[in-house]
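One structure is given below, encoded as C-alpha cells.
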C-alpha cells in the first residue's frame, strides 16, 4: 500500500502538513508539496483545436499521484475551500482526461482517498462544502472516498491540541495497519 | 449602481461568460477576465515575518472589484467548484485582510453579490457546494449574497438553451432596473 | 403524464401550496394533502420479527403516489427541512421496501421528481440541505430529480411576489407542455 | 452540567441509542425517548387566529429539554435525514416560539448541542445534509453546535465496531470531564 500525500499549503510545516505527517508516519509515502512545483491553470480546449498544454510540472506530479494506491489530500481551508494550489492541480486533471480518459479513470478507480482540511473558523461545519466537492470529484473518478478530517487550528502547531483530529488519525492508521497485514 | 463581473474561465466566450454578459448587458459594468492577469497563489505569512507579496496584478484587480457596488462571479464549474483562477484570486484576499482588514471588510460589507456557475454534470445539484462555499465567504466579508444561477451547458452557446437560467437572468435584470430607478 | 402533488403543510392555502397549484394548474394531477390523513411514524422492524405495521392511511396514500409519473413534493421549510408530515411519510417508504423492495424501486425508478420548498429565512441558501436530502433519496430510489424551487415567503400569498419562483414555475410548465406534446 | 439526550428512533436499543448511551454513561442525563410520547405535527397558526395547540406530551418533553445545559440529539438516519419523530418534535418548537419567543430563545442560547446520526449508507457523506440542517437550527436558536458523530451501522450492535465513532465518543467524554472539573 503506497500513499501519495498531496500538500496544498503555500507554507511549509503548517497545521495541515503536520496532521498529514502524523497520519502517514511510518508508512511508505510520496510527499508531494504542490507549492514546490509550477502548475499553471487549466486551458480549456474542450471546444477548440488542441493546442499545446503548458510545459510545466503537472505531468510529473500527476504521474507520482497515479503511481500510489492511497491518496491523501492535505489542504489548509482557505476561504472555505481547498487552497488555490490544490484546486488548480485538480483542474488540470481535465487535461489528463482529454489525453487518455479511459486510462486515467481506470487508475483512479482503483484508489482510495482521504481528505484533510485544517482551518480555524468552525471547520467541522464550514469545511463541509469542501468535503462535498471532493465527494463529487471522487464519484466522477470512481475513487473510494474513505473519509476526511476537518481539523481546527490557527497558529503553528495548534493542530496538536485538536484531540478529535488526533483520534481520527489514530483510527485511520490502525485501519491501514490491518490492511497492510491482511492485504 | 456599478457592477464588477469577475470571469473565472480560461476560455473566452464560454458559457459562463455568455450568461454573465446577458445578465449585465446595458448596465454599467467593469468586465474583469482573471485569465488576462497574472495572479499568483497566496503566500501564507500569517505566522511569519511579513515578506513581500508577489508583484503581480492582484492589487490592480482587487481595486477594480472594490470600486463597484455589485459583484458578479461568473465561473465555469470545474471539478464541482469554482475555477482555480477564481479560487486563487479569492485566496489572495487574505493578503488584503493582512494589509488592511478593517478597510477591506468595510468595503465588502457594502456590496451585494451574485454567483454564476455553469457546468454540465447536474449543476443544479452538484454545483451546490460551490454555492455554499460562497455563502461562507460572503458571511465572512459581510457581503449580501443575493442569489446564484447554476446553469447547465457544455458545448459553446448551449447555455442559451437553458431556459431556467435565462429566466433567472431576466428576473435579476428586472430587479436591478427597479433598484436603479428607486435607488 | 400524471402528476402527484404531495403537500406537506399543516395549513391549507399556504405559500407552498399556492406555488404548487400554479405549477400544476391545467395538468392532470392528484393533489394529496398529507395533513388530511393519519400516517404514523415508521416502526423499525428491520431487525425484529415482522410485526403488523400501523393500520393507518399510509398504504392508500403511497398507492396514489405510485400511480403517477411525476412527483411534486411541496413543503413549507420548517426548521430548515421538510415538514414533519413530509418526513414521516417518507420514513414509511421503509415499510414498502420491506414488503416489496424490487417492486417499489422499479416503480420509483420510472418517475421524475420536483421539490418545492417555501420559507422566509434565506431559503435559496438555507433550504439547500433539504434539497440535498431529496437528492440522496432520489438517488436511492432511482428517481430522476429534475429540479427544485426554493421560494421565499412568509405571510399568506407573499409567494406571488417572488418573481424568481414564478419564473421557475413557468419554465417547468413549458417543459411539461413540450413533454405532453412530444411524449 | 446536565445533559438531555433526545432519542429519535422508533426502536429501543438501536445503534444510535447505544452510541448515545456510551457517550453519556456516568454523566447526569435525562434520557428522553420521543417514541414513548405522543407529539403531534405542528399546527401552523402563524397567520390564523390562535387555536388551541394539541393536548399532547410536547410541553412536558420540551420542559425537560429546556432544563438541561447540554443537548444530545441521537437519531437514526432515516432517508438521509433525522427521523420523523425527531423532526416532528423540532417542528413543534414553533409553538414555543409563538407562546414565548424571547424566553425560549434565551434558554436555548445558553446551551450547547451535539448530534449523533447513525446510518448504513455512507453516513460520513450522506449524513451531511442532516448536520447542515441542525447547523441552521442552532444558528437560529443561538445554541453552540459543538459537534456531531455520523456513525456507520446497520444490524444491531454494529456501531460498536465503528472505531471512528467510538474514538469520537471518548474525545467528547474527555472534554465533558474537563468541563465538569473546571466548570
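A, B, C and D label the chains in the order they appear, each numbered from 1.
Basically, a residue touches a chain if its C-beta (ideal position, glycine included) is under 8 Å from a C-beta of that chain, and two chains touch if they have at least 3 such contacts.
Per UniProt, the chains are A, B, C, D = Flavodoxin family protein.
As the structure is a prediction and not an experimental result, all values here were calculated from the model.
S.K.: Mind listing the chains that sit against subunit B and also against subunit C?
M.R.: none
S.K.: With chain centres defined as C-alpha means, what is the inter-centre distance between subunit A and subunit D in Å?
M.R.: 33
S.K.: Where the centres are mean C-alpha positions, what is the separation of subunit A from subunit B, in Å?
M.R.: Whole-Å distance between the two chain centres: 25.
S.K.: Report, in whole Å, the distance between the mean C-alpha point of subunit B and the mean C-alpha point of subunit D.
M.R.: Result: the chain centres lie 38 Å from each other.
S.K.: Among all residues of subunit A, which ones touch two or more of the remaining chains?
M.R.: Residue numbers touching two or more other chains: 128, 132.
S.K.: Considering only which chains touch which, how would you classify the arrangement: line, ring, star, complete or other?
M.R.: Per interface graph, the chains form a ring.
S.K.: All pairs of touching chains, please: list them by chain label.
M.R.: Result of the pairwise touch check is A-B, A-D, B-C, C-D.
S.K.: Where on subunit B does subunit A make contact in their complex?
M.R.: 9-11, 14, 35, 41-44, 46-48, 76, 78-85, 87-88, 90-91, 93-94, 121, 126, 128-130, 132-133, 136-137, 140, 154-156
S.K.: For subunit C, which residues count as touching subunit B in their complex?
M.R.: Interface residues on subunit C, with respect to subunit B: 124-125, 128, 131-132, 135, 145, 147-148, 163-164, 167-168, 170-171, 174-175.
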